[in-house]
Amino acid sequence: MRTCLEVRDITKSFPGILANDHVNLNVREGEIHAILGENGAGKSTLMKVIYGLYKPDSGSIRLYDQELNFTSPRQAIKAGIGMVHQHFMLIPALTVAENIVLGGEPGRIHYQRKENVEIVCQLAKQYHMDIDPNAKVGDLTVGLQQRVEILKVFYRKAKLLILDEPTAMLTPQEVEELIQVMERLRSQGIPIVFISHKLDEVKRISDRVTVMRAGKTVNTVETKSTTPQELANLMVGREVVLHVSKPPQTPGEAVLEVEDLVVSSGRNEKVKGVSFQVQRGEIFGLAGIDGNGQFELIEAITGLMPCKRGKIRFLGNDITSSTVRHRTKVGIGYIPQDRQLDGLVMDFELKENFVLRDFFKAPFARVGQMKKKPIEDFATRLSEAFDVRPRQIHALARNLSGGNQQKVILAREVSRDPELLIAAQPTRGLDVGAIQFIHNKLLELRAEGKAVLLVSLELEEIMSLSDRIGVIHAGRLMAILPGGQVTREQLGLLMTGVELEKEG
Amino acid sequence: MQKTIEGLVTPFVAIVIAVMIGAGVMLGTGHNPLTAYGALFSGAFGSTVNLSNTIANAIPLILSGLGVAIAFKAGLFNIGAEGQYWIGSMAAVWIGYSVKGLSPILHISLSILVAMLAAGLWAGIIPGLAKAFVGAHEVITTMMMSYIAIFLSHYMLENGPMMQQGFTPQSPVILPSATLGKIVERTQLSWGLAIAVVACIIVYWLLYKTTLGYRLRAVGLNSRAANYAGINVPFHLVLALFISGMLAGLAGAVQMLGVQHRLYDSFSSGYGFTAIVVALLANNNPFGVILASIFFAALSTGGQSMQLVSGVPAHLTDVISGIIIFLVATKDIVQMVQKRWRKRQTLASDKEA
Amino acid sequence: GNTTATPKATEPAKKEFKVGLVTDVGGLNDHSFNFLANKGLEKAVKDLGVTKGVVESKQMTDYETNLSRFAQDKYNLVIAVGFLMQDAVEKVAKDYPDTKFMIIDSSITDRPNVASAMFKTEQCGYLVGVMAGLMEKAPAIPNALGKNTVGLVGGMAIPPVNDYIAGFIQGAKSVNPDININLKYTGKFDDPALGKQTALSQIAAGADIVFHIAGGTGTGVIDAAKEKKVYAIGVDADQNYMAPDTVITSALKGMDVATFDVIKGAMDDKFKSGNVFFDLSNDGVGFATPTKVVPKEVVDKVNDAMKQIKDGKITVSNKMPEGYK
Amino acid sequence: MLWDALTRPDLWAATLAMATPIALPALGGTFSERSGVVNIAMEGIMLIGAFFGVLFSYYTSSAWLGLLGALFMGALVSALFAYVTVNLGADQVIVGMGVNIFAAGLTAFLLNTIFGYGGTPRETPALPNIIIPGLSDIPFAGPILGSQNVVVYLMLILVIASHYFLFHTNLGLRIRAVGENPQAADTAGLNVRRLRYLGVIIGGMLSSLGGVYLALGLLNSFEVNMSGGRGYIALAAMIFGKWTPFGSLGAALLFGFAMALSMVLQGGGVSSNIIQMLPYALTILALTGLVGRSTAPAADGIPYNPNK
């Protein structure tokens, strides 16, 4: 098969970091080529170099027989490279159609609203991706935004497609759809570079896999001739345990009781009368497609959103209208779904982020004064215990990779020894090693007799960790099922609103 | 330490470049740049008197600059320091002349306290509450309140409640017990300097060593995360504007008690806008505010001496300050110069090897 | 080089006579007292050969600094322009008893080295008020709007402005008791656009003569009158050149003359401290020759009023009449 | 008294005239900030426009050439502003303040160097007032809309054109995209720098036109600092108008109306200083009572450097 893209000896450094170190990559016509690597291995950087967003320090790139010398994405787009970025490159204030045609608008001066909407409708139909062209992108769920990203690329009719972690935020159904699209493209001879941390996906659809570690390409292998375990080991450089072991355990008294809770944002009711309990020593998983009220529900429990109706009891006390601070104090820990937006002050130093929840309390503060030494000691201790890299408590949170940012939040929340930990999407975008670390922490809490409320869009995660699973659809709890026995299909149906037959 | 030195290199190079551009303009308009700059420098720093006056002019800038900086730290652009300055001035003068029979310490403290409170409320109540509860943009509200404050001062003086009996629209002179003493006689340098320095230290301490500062900065950098941390965001927005206003009010009070001793009917002190530049140039660092204020004060006092000695119109100093601000903000220009220099160095060392 | 040229400050003064001028924050472009005082100084440079130094103050705190800088540099006479400098002059004059000072528009009487130039602008205000009042009485002016209304645009309600206004109102009412006086303040001395709009609104309300006491803002007032083909009265200096068909006269405040006189006096060792009044009697104030739009009998009556003031038969107060704020 | 004032056409004519030098720079700011560059340099650029408008008008004896010259100078200063902020990533607020100080100094310095202290020559040609034949004869609306300065009409046209440009053309879409998320715009193949230059320069020309209106439309002279803070008020009007052309015009009209009203209401026994607070108080009231939150373009003020 003909080589389509050839990357040779690419080196790219950032101040203090060698993100790509003589990287080589070879993509053939009509193949799906997966790239695997830990967080921070340099995958996105390499893709951005190919796409012309970063200028490499050295090395060369060829697309078919053409030597590429990009200085901006404009040329990459012209050469026929399309890229879906890991962090969405969308403009929330604009509509779907505007986002899609941006940069390649038909017509000269006038923006042709009607025609563009029509174009997007056609495109969506062609790839079986349902979307409202007139919706504001900022109002869409993450999954729908992902669709817009992909449609953007299709609109440009790319010769080579780069997908940087496109499935990280999709529901299983959406992942299925995406995989079908990818296969269709492959059959049309369009090569795809596909980055993912999910080994099963990689195993399922890719033809070859290139593994990166610490900025270098370790190896490229035929997918057929390898196993997820081998890939994981190659990636991390040591033996990895892929499956979590969850010892059986009997749950205790209820820690959190939610009764007929109604939450509305703006004029819409997002949570419409939900009741459930979380008990000591259990992980309660909340499954659902993004946008069905699960995040509003937990924000109401943590006090970030007001409740319109209903009751929340914690350890027997009514906290329905308590402040965030009060809930924190009595023992609720929370890992928010968007770590950068809610969980961290990106321009604070790590040590300041480590005490974000307890900064006002002894030993971190006395009579309103911050105490430097205890804060630094605490930050150092947590950095070590949770293996936050780099081990610099004075670094800004902004300069950490996503996985390490997540560890900071986890460390902070777990160290507070909460009676209830609410974890929203705690492993989003993390590599297998980091995921494993976080899963083990959640299980440790469970073993200590704490309660965990886990919200995740990822069914695997919910199914492997939860003792009980609540399925939420359109703001209502469809069912609460025992974790061990439920199947993917059952969950999938409930998530889309299909009631299961009542048994017994 | 290294950081501090690096922080100083940029403004220094910027000043050098701006001064050269200014020299070009002077040559072009037939003035001798050497005489002019000599006069500028000696007018600002050349004698005890000049130095004292320069520092004296820096004091209100330091204080209102601190006010702007603290608001910036909480994510708020207080463009109305000018008006808060006037409110503080009015309050300080009013207490200064109308309350009788107090000891100096008490009288001065009372004047300053009332001034800070009044200016703090001026910024905190309308702009603060409107921001916190309606989301009204503080740039608009503080600016509008600033104009209102200035008209209020006109009202007070032009046949108003604070006008001194007699001819001119000015307030009575404050009592000796409310007057801040001079550090250097025959200059305008008063013990207000000590107040300004203490204020810097307090603001630094407040911002970086207290939980209040932590909360303000968290709100400024990421209000959602602050909310998540259990911080009452609306309250801290109001508080930030209140403190910011208090500092601008303190600037007015110190100026009245230390230098002017009474309120005059004037258009604008000009401190409000300069304070914004001061705060930004200092990157909102309280000690940087001192340096930036002295710099602007020196340009202003030195500029007039330059006009006197060399005949270069004082407006030209505005041109030069504008260019300096331009360049100081443009860190990359300086870095470009540095890079080129470094490249030459590495080339040289490569040759050696 | 429109500005100054002085020899190096360190050079010892030989026989030269050095005069320093400190403007208030309005600067030399104020179309008013700073400009005029500087004009007087320039005349002294030309006619008397004095050496001059000029500094434009940028903020209130500069007054003291700038005044003492001149004193330190051994200037013989230092001129402080504007009442805002009163405190500064008192302080510096005490610190430098050997230097002579002149202050314009403010009264300092207890220093032997300070002369205060005070202008009775209420007197010239009165005269142009009489002129306007008479012209409003039909059938005196062409293009009259017939509303017996004049417009007054003041910069701020401060003495140098209100003196004129107080005099004007007294004068106008003395000949035309029913006259409507439409008085507005702009709050600014450097905003001609605002001045123009203010005057336009007065003209729309029937004013056919507008009198401004608003420095640079006033240029807009004259412009409005010109555009609407009504009449304007200038201030401080003869402003007829701005719009020859529009500006029928100007109330004159001889700050240039006063400055020149004080400089000359000081040179001839005839410096007089304390208040020096400039009024009609010594031509310190007056009005510019009216254009031919103003009927002769009106001019005669104004001259008559002038005589009566000089003779003390009429006293003009600088207090604002009741009802005007 | 109030009702009487409100029914007078001259009040509304004055409203429009007073709103124009606020609406134009507000419109200019809108362009700049829509492209992601915070612009508080409107005050300074107005002065540049005012001064060079007069200068060119005087030397060419044509107000129209004066206008062109002023637009050119406004564009030039804005291009410098854009270079420093867009290419070199300087802090936009600081540089904006720098431009204001620089422009105030430069125009005053040049005024005195070229024309002396007495002001600009009286014989400088000004831009004409236009009398629209049919319109100017209509009873109430005539005096308001029928005979204003040519720049007033230009302003009204520009507001409409700007709305069309920003919200109904491909280029407008691109400018807004760059102001919302430059990185996304970059990956969509847009030239972020060029678009930001465009926004800043168009903005500068509009602000400059605001200055031209003051110096050549309303008057035919330049005064030191004659912008009189209108550039800052325009900043407020732009925010008030939620970064839209019609919003900016609306806010400018509100402000102009309050200014005009405060002129008319003076003299009723209340101190003029109290009455002159009206425009400012009214703005706060309207903002808190009616308008509330206004959100800036998401990337407003954030320099974009893809390699960082």
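Labels for the chains are A, B, C and D, by order of writing; each one numbers its residues from 1.
The rule is short, and it goes like this: a residue touches a chain if its C-beta (ideal position, glycine included) is under 8 Å from a C-beta of that chain, and two chains touch if they have at least 3 such contacts.
Just so it is clear, the model here is predicted, and its values are computed rather than measured.
Chemist: Chains touching chain B and chain C alike, please list them.
Modeler: Correct list: D.
Chemist: Tell me, which chains sit next to both chain C and chain D?
Modeler: The common neighbours are B.
Chemist: Among the chains here, which has the CA centroid at the largest distance from chain B's centroid?
Modeler: A
Chemist: Higher C-beta contact count, A-D or A-B?
Modeler: Here the pair linked by more C-beta pairs in contact is A-D.
Chemist: Determine the centre-to-centre distance between chain A and chain B, using the mean Cα coordinates as centres, and give it in whole Å.
Modeler: Chain centres of chain A and chain B, defined by C-alpha means, are spaced 46 Å apart.
Chemist: As a quick test, compute the distance in whole Å between the mean CA positions of chain A and chain C.
Modeler: The separation of the two C-alpha centroids amounts to 74 Å.
Chemist: What is the distance in Å between the mean C-alpha positions of chain B and chain D?
Modeler: Taking the mean C-alpha position of each chain, the two centres sit 27 Å apart.
Chemist: Counting only residues that touch at least 2 other chains, which ones in chain B make the list?
Modeler: Answer for chain B, listing residues that touch two or more other chains: 151, 154, 158-159, 313.
Chemist: Could you list the positions in chain C whose residues touch two or more of the other chains?
Modeler: 3, 157, 187-188, 325
Chemist: Where in chain D do residues touch two or more of the other chains?
Modeler: Residues 108, 112-113, 271, 273, 276.
Chemist: Going by the touch definition at the top, which pairs of chains touch each other?
Modeler: Chain pairs that touch: A-B, A-D, B-C, B-D, C-D.
Chemist: Spell out the residues on chain C that touch chain D in their complex, using ranges where they run on.
Modeler: 2-3, 27-29, 31, 35, 38, 157, 182-185, 187-188, 190-194, 196-198, 200-201, 204-205, 216, 219-220, 223, 227, 241-243, 323-325
Chemist: Can you list the residues on chain A that touch chain B in the complex?
Modeler: Touching chain B: residues 302, 304, 323-325, 328, 334, 336, 341-348, 352, 356-357, 359-360, 365, 368-370 of chain A.
Chemist: Which of the residues in chain D come into contact with chain B in the complex?
Modeler: Those residues of chain D that touch chain B are 84, 88-91, 93-95, 97-106, 108-109, 112-113, 232-233, 235-236, 239-240, 271, 273-274, 276-277, 279-281, 283-284, 287-288, 291-294.
Chemist: Can you tell me which positions in chain B touch chain D when the two form their complex?
Modeler: Residues 29, 77, 79, 126, 130, 134-137, 139-141, 143-145, 147-148, 151-152, 154-155, 158-160, 273, 276-277, 280-281, 313, 315-326, 328-333 of chain B touch chain D in their complex.
Chemist: Of all residues in chain D, which touch chain C in the complex?
Modeler: The touching residues are 8, 10-11, 13-14, 17-18, 21, 108, 111-113, 116-119, 122, 129, 214, 218-221, 223-226, 228, 259-260, 263-264, 266-267, 269-273, 276.
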